[in-house]
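Got some structures for you, see below.
Shared between the two complexes below is chain A, which has chain B as its partner in the first and chain C in the second.
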Partner chain A sequence: MKSVPFSVASRLVGDAAVIYPKGYLNNLSGESLVKECGIYIGRGITKIVVNFSETDLINSIGISLLLQIIEDLKNIKGTICCTNMSKFLRDTFKMLGLIQYMVVFPVESDALKYLKSGKV
Partner chain B sequence: MPSNAIPAEDFLNREHELHYLKGLSALKGKALGGNVFLEGARGMGKTELLKQLHRALFREDHAVPFYYSFKTANLKGGYFARDYFTRFVRQYLSFVKKDPAIADNVAEPLQRLMPAIAALGLYGLIDCIEDFQAHVKNNDFYGQLIAAISAPVVAAQKSGKPVIVMLDDFDAAEQLFESSQGDAHGLISLFGESMQNRLCPHVMTGSAGALEAVFTDHSLLGMTERMRLGPLPEDLAAQLFRTHLATLKITCAPDVRLAFLSLLRGNPLYIRNLAKAAWKMQKKGLTEKDLVECYVFEVSEGETAFYWSSVFSRYVQNPTKRKAMVKLLMHAIENGRVQDRGRLSMVSGLGEAETAAILDAIDTSGIIRDENAVFQDFIRALYMKEIDGSKPSDVREKIESRYLSESEKEESRFELVIPMNANAELVVAKAVEQIGRNINLDDDFLNHLQLALIEVCINAIEHSGSYEKKIFLKFITRPDKLEIIVKNSGRPFSLDSLTEIPVEEKLRMGMKRGWGFKLVYSIMDSVKVERVGDRTRVILTKEINKDKEVHP
Partner chain C sequence: MSIELKKALYNISALADLGQAITSESVFQQKIQSVFYVITGAFLANKGAILSYDKSANRLNTLTQKGFSPADMDRVDPEKLMSLGKNEPCLIGDDPVLSVAGAEILAPLWVRDEFIGVLLLSGKLTGGPYTEEDLELLNVIAHQIAVALNNHSLFIDLSDKLEENRRLYEEMRHIYHGTLQAFAAAIDAKDAYTQNHSYRVAKYSAAIARELGWNEHDIEGMYVAGYLHDVGKLAISNELLNKVTPFTPEERAEIRKHSTTSHNITSKITFPWKNVQDMVWHHHERLDGHGYPEALAKESLSDGVRILSLADSFDAMTSQRPYRKKMDVQSALAELKKCLESQFDNKIMLVFCRVLEKEIRGELPAPDILPHLDRNSDLSVISSMLEAIIQELSAP
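Entry: the complex of A and B
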């Protein structure tokens, strides 16, 4: 656990937005993640990649806010890809039975390739 | 009230005594028996036996039961006479009409019962009432007392139906007074006359020491036999405990042997209180360790402690004397007896005369006559709280350590208090990370452990409404187990309130929250939620198998 203050960065790669949440994903940070994704969705982006390489800890409120993003994208027939998840994060989503609602890739480039070609 | 007896089927192992007492009026009528003094350690079920006797007699018709408790009686003579008399009249009428509500309704004035009494043709009772009221009108103190005490005899003689008089904690009658305490010694002897009557057997409970002083009249002594109520045998004690648990819907862990119950020495009051403590602490799947914990709660803060405290208050009201009494009792417990009285004033911190008076009160009360481990632990707890000024949690811990087996004793322990502030749970996560590293837990499991703890803390922060806004955490590591205890004040929380909703359903209904305890359950081996006093306590445990990696 690195105890870095939460921050969220993002970039646009083609027609996909890549989001980088960093630190502890809880209620406050989860809100800024939702907000960041919301900005892209508002601009018509329907493909979002969340790169978790810098996310060291998450709590159930953070998880619920991630679900909010999944739902928002579902409503516009969009896609969310999760990448660079630690074993801990993957196990946590599996425990809750949520992994089936997201497309998971080991690394960001795989997700971007998938979103471009539509193939895994 | 005699009508609040426990169900007859839960009243174990007293059939012989009950049968004997039920036949007492017939025995006394034939001069084969007389009055009975029920003896037994406190909590052994003397009061309950009287209540069961009352209930049994009430259902039959051969003798009228009259129960009176001196425990809560106002001992100022005039008040006592009125109370004793009106209770007798109500219970008599209640018996004749077979309506327990009449006895229980203490608010209804006697005058209102007169039409019912007249309609039943209980003229003997009417004579008693008129006689008593005449004494009240004339302000005749002794007349009132004698009329009240002899009312059962008068009613029995006029109707020909025996009255069995049950006097609970009868030794307290020695304190009866006219207008100020101690101004009229010996009023208790007024009972002597009615005790000699053939139609009125008396069954009494109380301290043996005090009662010996009452029976100075040899003819009275000859008519009174002692009946000793012993402890329940171990198997029946365990059966009674399991019955109480079943009533409270508490289960025992499969391997629990209830060996710890032997400490209670078959005392039904302690057994019942222990079961109730388990219920109050929201225990489920009771283990031997839980039993120890419930017991310690009982002797330090529970009903057993309250019971003994109230016994104390009867003998010493003054706080300074109470402290001195605690010191003396602690001294006696540590030394196995009360030593040379002369030197004990150094222990009590009071003068020799005051110390002697307290020692006399201890003797009279009979509280250290039997080696009673429960009472001794109550005194230890009281000493730590009132003399040492220890915190209740420290008191509990110290007493618990006397009973926990070596393997259950803590290997190492860390404590942490966090405020209910944003991100305070991260401090906990950081702490558990280091504690986990100290016992070589793998990193992946540590992350999960952090998550479980974060969830429990968030739950407390969000839902407890705690007034002190603090969370108390204790991390206990043993070679084979990690135990984390999270405590907070505020609204009770129960796992029963959580309902498992399938993920699809949750998402369909837009329910994005409520994952916390699902995670905690998945990560930990055992999750218990209990209530201790005004605090909710969550106990998380994880078995540590040194040969294998620990996984959620």
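Entry: the complex of A and C
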């Protein structure tokens, strides 16, 4: 099966950035995800939602890149919410212990509601 | 599935990712970056570095890193790492000798008895300890990175050597060409009438060879033969070379020795090009076997000999000589045509005419023949003549 080239889209919803990775997060092209988040963090955004609806798979390279985003947000006391995750992603994050550094929601709207509520 | 089993599968898949990163066709820096991500992703390390050992400077160079300062990296002492186990991960703990700010584990990288570099990692993001399984995995990873770095280093060494050889070859070529020019200048100095004859014959011959589709190396060999074809004239007296009245039979015989002398001189040189000696030796042979020095005919004459013979004759005819005035280009072309089959080769003549025609039409960016022809030549007349010859010789 031919894999889709990895790409990233994003939008700003209130004071939160929603990031849409697309494709298999398994090589250097995934650096664009870190870069995209970095742009928002650079602008003072501390709330990031990563909507994984179009990324079902991740490997150790993708984990390392995600780790970078978690670190960057940790340094500014920010929040990362992950939504629309496949079972594989959820299980992988859980097994690695990464889940404790993110807030997981089934869908993007739930994450945005949570961030808007100010419970963060 | 138990968490241990899932972790084991994740580790196996990380090793597969590592193999893929190492064997990818990416450039080296991208490979190393991918390898680095695989490792930090496998161990959830928020700091890490891969350093390679520069043997000549006895220092470690940072290939990639995250989270360390350049000063941290400068403190890593290769001598201390060399005493540790080869590719064996080592927990730094409180060891003051190995201490690097923020690093928790390191693996010295070795291939056989060659120290290659070091891999440094911080603690895990989760705060958990490095387990026995982690150390085993890191050992395998260290082996693979060491081999990859070593292969790259070998490749760089080979590339450097190749570059050095290329440079030496270019130098050698310059020396060859300088020597050729010196020879040609010596021939010209003896005979004022043939000034630049060797240079022009070299240019014309190379142009014909190029049009024939020869490769660059062989074209250069043809050029060299053109330059050296008359080097044997150095052994002929100035009086004889510059004689205005017709030669006696003895004098003609003496003059005719020059191609054999050219061969004898060039035979002492080991050229990187094929057949240079053969071409200079036989450039006065004819297809009908009435040439000299060996009266060879047709099949015995290589294309190189045939090219040189035509280029030499054309330049001789269009140049001033002590005993006659120079011919105009049309007359020289007519003379060459008249001597086809008996002296000159049809195919070489056709190609020569094509090159000259292209040069007149401005189709060649760097013309080799046209700049040396009489400036008063009527190019439209020459062009018509060339077209007629090309048509005639191209006919089946």
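Simple rule for what comes next: the second predicted complex is superposed on the first by the 115 of 120 C-alpha atoms of A that agree within 3 Å, B and C clash if a C-alpha of one lies under 4 Å from a C-alpha of the other, contacts with A are read in each partner's own complex, and residues count from 1 in each chain.
The rule we apply is simple: a residue touches a chain if its C-beta (ideal position, glycine included) is under 8 Å from a C-beta of that chain, and two chains touch if they have at least 3 such contacts.
The structure presented is a predicted model; accordingly, all values stated were derived computationally and were not measured.
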Room on chain A for both chain B and chain C (clash or fit): clash
Identify the partner contact of A:28: answer first if only chain B is touched, second if only chain C is, both if each is, neither if none is. both
Which holds for A:88: it touches chain B only (first), chain C only (second), both, or neither? first
Going by the contact rule set out at the top, does A:59 touch chain B (first), chain C (second), both, or neither? both
If you stack the two complexes on chain A, which partner ends up touching A:15: first (chain B), second (chain C), both, or neither? neither
Choose the clashing stretch of chain B with respect to chain C from the list 44-52, 170-178, 512-520 or 530-538. 512-520
Taking the contacts chain A makes with chain B in one complex and with chain C in the other, which residues are shared? 26, 28, 59-61, 63-65, 67-68, 71, 91-92, 95-98, 101
Which of the residues in chain A end up touching chain B in this complex? 1, 3, 24, 26, 28, 57-61, 63-65, 67-68, 71, 86-88, 91-92, 95-98, 101
For a test of understanding, state which residues of chain C touch chain A in their complex under the given definition. 3, 6-7, 10, 13-14, 17-18, 21, 26, 30, 33-34, 36-42, 44, 46, 66, 125-126, 128
Touching residues on chain B, where the partner in the complex is chain A: 422-423, 425-426, 429-430, 433, 444, 447-448, 450-451, 454-455, 458, 503, 507, 510, 512-516, 518-519, 522-523, 552
Help me check something: in the complex, which residues belonging to chain A touch chain C? 26-28, 59-65, 67-68, 70-71, 91-92, 95-98, 100-101
